[in-house]
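Letters A, B, C and D mark the chains as written, and numbering starts fresh at 1 in each.
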Amino acid sequence: MADLTADLGFIKLKNPVIPASGTFGYGGEFLQFFDLDLLGAFVMKGVYTDERGGNEPPRIWETPSGLLNSIGLAGPGAEGLTKIIKDVASKTSTPIIVNVCGGTDEEYLEVARILDVMKEVAMLELNISCPNVRAGGSCPAQSSSDTRRVVKLVKENTEKPLIVKLSPNVSDISSIARSAEEAGADAISVVNTFLGLALDIEKRKPVFKNFFAGLSGPAIKPLALKIVWEVANAVSIPVIGIGGIMTGRDVLEFILAGAAAVQTGTVNIVEPTGSVRIISETLELMDELKINNLEEIRGGLKI
Amino acid sequence: MADLTADLGFIKLKNPVIPASGTFGYGGEFLQFFDLDLLGAFVMKGVYTDERGGNEPPRIWETPSGLLNSIGLAGPGAEGLTKIIKDVASKTSTPIIVNVCGGTDEEYLEVARILDVMKEVAMLELNISCPNVRAGGSCPAQSSSDTRRVVKLVKENTEKPLIVKLSPNVSDISSIARSAEEAGADAISVVNTFLGLALDIEKRKPVFKNFFAGLSGPAIKPLALKIVWEVANAVSIPVIGIGGIMTGRDVLEFILAGAAAVQTGTVNIVEPTGSVRIISETLELMDELKINNLEEIRGGLKI
Amino acid sequence: MKEEECRVAANTIIQGRYYLMKIESAYISEKSKPGNFVMVAVSGSNDPLLKRPFGIFKIDPPYFYIYYEVVGRGSKLLASKKEEDRVMVVGPLGNVFPEYENENILFVGGGRGIAPLYFAIEKYSGSNNISLIYGARSKEDLLFTEELKKFPLKETAFYTDDGSGFTKGLVTTDIKEIINRNGINVTFSCGPDKMFESLNEEIGSLGIRNFVSLEAFMGCGFGICYSCVVKGSDGKYKKVCSDGPVFRMEEIKWQT
Amino acid sequence: MKEEECRVAANTIIQGRYYLMKIESAYISEKSKPGNFVMVAVSGSNDPLLKRPFGIFKIDPPYFYIYYEVVGRGSKLLASKKEEDRVMVVGPLGNVFPEYENENILFVGGGRGIAPLYFAIEKYSGSNNISLIYGARSKEDLLFTEELKKFPLKETAFYTDDGSGFTKGLVTTDIKEIINRNGINVTFSCGPDKMFESLNEEIGSLGIRNFVSLEAFMGCGFGICYSCVVKGSDGKYKKVCSDGPVFRMEEIKWQT
């Protein structure tokens, strides 16, 4: 049987499948469906310093094979989150990743510091790529200098391994990924959602109050796979591939494109046991194709 | 009954639905399915000066609600095309648009000149955004200066209305659209396909010899709609909206986003009578929503 | 709650746009209580991507029923399922109507909103004094009236907006009289948003316990995507899927 | 050719992964000739997006039949269709096998490649002397042998790769003898690419007329997307859907 271990350098995961931020609640909600120990790791919903209500509904919209969302990072705030983390950590030994958000550099730093001291947190994921908070979908991950500054600030003031989550809504993802690497990122996760628009003909209005929203789900997979390949070729730190993963085959495609592990997003929303199915499918497909371990194919594209 | 006329300024079309380049052959192939006079206009498959064979197969790949293609602009060359144009023009009075391609500035110019003198050609569409010819998917539409230069060159040496087709694979579409406008474009059509990647796990190879391919179809609709809205707000020339249109509702969404007309692409491949269905659906929906004409809603988003 | 592939045991058109689907699931049929709902996959493909929420209409282990109206693409696909087809179902989801004994309960159903109420009426009518107000656009939309009449109901009032088949009126038309006449101290209602708004105006301040079962467009159905929110009277958003779908009327911030 | 919504009159499993679908279309059933194919929508949604090509196996106006193997998602969805379901179909598409009279024709079918040949055998066996070689992986993949034997065939040879049920061998094993014995001057073949490669090596230079019916992954099926190309022996690409699917063997650039 194939070895599913995913090596991020600073940590080895039992398998490469990590439910993504915002699509897995705080983890505990899934205990009713399966044992969290089955997962490689999981990422909590993004958090700011303060408690937030999130955006006015509607917050999601279905598109062909995709999902637009404008949740707006509703949540309990970093302090509130620490209690939730302790609770779920008592129920699983799977590494917990916290998705760190901020409206300003200071907020990023504050959130990161609060969570950095928690032994229950394995890694921080710096979400500099959320399209649903600022006007027009802007975020630090859209510029190399903003990326460098925020990453450096957080990295210099925290101890935990730092994953930096990038946005696909840029023209030169490679240079942004390199900026994150230079600033001290331990890994890159891509992609966050693509900016999209939904309109309501009846009301002659945008569906979302925030106007743009973020597209995720299988629709974006070919676009995400391209970006993951580009980033994996641009940096030497591990890359976590994200975007429309629905099957074990998708996982192996992202690994082949150069990812060391993957995050599964929308699938958790539409199929609560989806990530667990994906793990078994990955194993089965590896056995079928006689792939002994992920390193054997990681980035191993014959061109 | 609603008035379907679509006004591009330099020409009035009987309706806003224009089958897109590369998805409608040279028009004549559809005569067996319906009368071409039903269409607003149609765009022929892209053409270079010389006859071309196109890329090595596979040339298409199915993705969730989408299609990746790497056709590589197979075709008869501009001279060869003139005969085909004459033939189809004798069978319809619907305006014919030719999609002008080039590997160099000179080639764009040469192709445009050959077709500019044909009375059967109503407009030229300058395809500076094909991702399937050059390595890495690059094209003039990725830079404002290249866009300006090529558009200017062709516009100054031709008489026909010039539509410039832009690529979505850029970070600042607005400035590129403005460059095209400043250089003399009479209209902008967006979007061409999004760059994506498909991998073959069995062979550990990219599916396409050209590596990247262009994503089209309903999967991209929310992304395309966003870009069309941006471009319509950036320029004052008419915008032709393209991307994943499958229904009459989609057409009205693009008009609401600011498009003066639309192009239908992938739908023609998967459903030969799709564009005609879309025209009737548009009319029905306008009647249902008591929209008298397209100008009534064009760009009329209440924000 | 569980995610299961279930057998469609029957899927029959009741009338017009309304269907009844009988689904086999020992787990869901045994665990469900009135108020619970399920998320049902309407296609086996990525398009449409989301499961759709439907209230549990009735149970008969190992079967449960959903009663649904065809309103869009998803419900249309569901209507095309045939016996022996398989559907992915997640459930039972959400909270439930509180279980009372010896109370005078009024059920208020609008259109397909009768679905979760039917289950509650069946279950609670033995141990409580029950009355029912049930209205819809026309008699084509007011289904199961004969079946409902078989329950031991103190008073029943059926209305149609257009007066077809039944009394012309809204569910609120005679509600205060019915409440007084039957000494109602609890109401359970489900229907369109506009019905709730009127209900809130009419009976929101009578000092009785009013429970509403809400609908919202849902992503996950079990509380993790934060997409199905309604504004609470405390100004905070509540998730319809996991904080609800049953709320006390005063918990919700109504428009009017 | 036409795009039509057609009624599924029957969809039956023949054996293992193999199905026969009977589809109602006066137009397609009357216009189709051996070699033609149809594009069939496997789902009513955007995913999977493309229609799938299937050869016409048999006609019986107003019905036509397709015989198909479940190999992936699309064909699996097709297998799930039930009687009375509706499918969108485009057809008839492509070119046809040339119509001969009084020739000694050999049909060579590999696996599901028998589909378009069956139609041709039925149609041409009256006016020509016909022989048949038909092979597949195992007897589970070699269907319709009894039905085929009912046609007036001069010689028939059935093979399986693993020797199950029939002679162990490939369609090329005895082909030269069969050609000589029956004075064959025309062959019509359909099967996997590897079969064509071997056929080309064995009989490509015998100086007889060899026609092959090719498969390719298709977008449109009627010549407009340029996606289904194969390299011709002249170095130019040919579209399988509209230049073919039937080609003279020497028109194609074979690997070997």
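What we mean here is this: contacts are C-beta pairs under 8 Å (C-beta built on N, C-alpha and C of every residue); 3 or more make two chains touch, one makes a residue touch a chain.
Everything numeric in this text was worked out from a predicted model, so none of it was measured.
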{"item": "Chain C reached from chain A - shortest hop count over touching chains", "value": "1"}
{"item": "Where chain A and chain B overlap in contact partners, by chain label", "value": "C, D"}
{"item": "Chain pair bearing the highest count of C-beta contacts", "value": "A-B"}
{"item": "Relative to chain C, chain with the most remote C-alpha centre", "value": "D"}
{"item": "Rounded Å distance between chain B and chain D, as computed from the means of their C-alpha atoms", "value": "36"}
{"item": "Centroid spacing, where centroids are CA-atom means, of chain B and chain C in whole angstrom", "value": "47"}
{"item": "Centre-to-centre distance between chain D and chain C (centres being mean Cα positions), rounded to whole Å", "value": "53"}
{"item": "Residue numbers of chain A (touch at least two other chains)", "value": "64-66, 217-219, 246"}
{"item": "Residues of chain C whose C-beta touches two or more other chains", "value": "46-48"}
{"item": "Pairwise touch network: line, ring, star, complete, or other", "value": "complete"}
{"item": "Chain B-touching residues of chain A, taken from the complex the two chains share", "value": "63-66, 68, 142, 169-172, 194-199, 201-206, 211-213, 215, 217-223, 225-226, 229, 244, 246, 249, 252-253, 256-257, 285, 289, 297, 300-303"}
{"item": "Chain B - residues contacting chain C, complex", "value": "64-65, 218"}
{"item": "Chain D partner contacts - residues on chain C that touch it in the complex", "value": "43-48, 77, 80, 82, 85"}
{"item": "Touching residues on chain D, where the partner in the complex is chain A", "value": "46-47"}
{"item": "List of chain A residues in touch with chain C within their complex", "value": "22-25, 29-30, 32-33, 45, 53-54, 57-60, 62, 64-67, 69, 71, 74, 217-219, 246, 266, 268-273"}
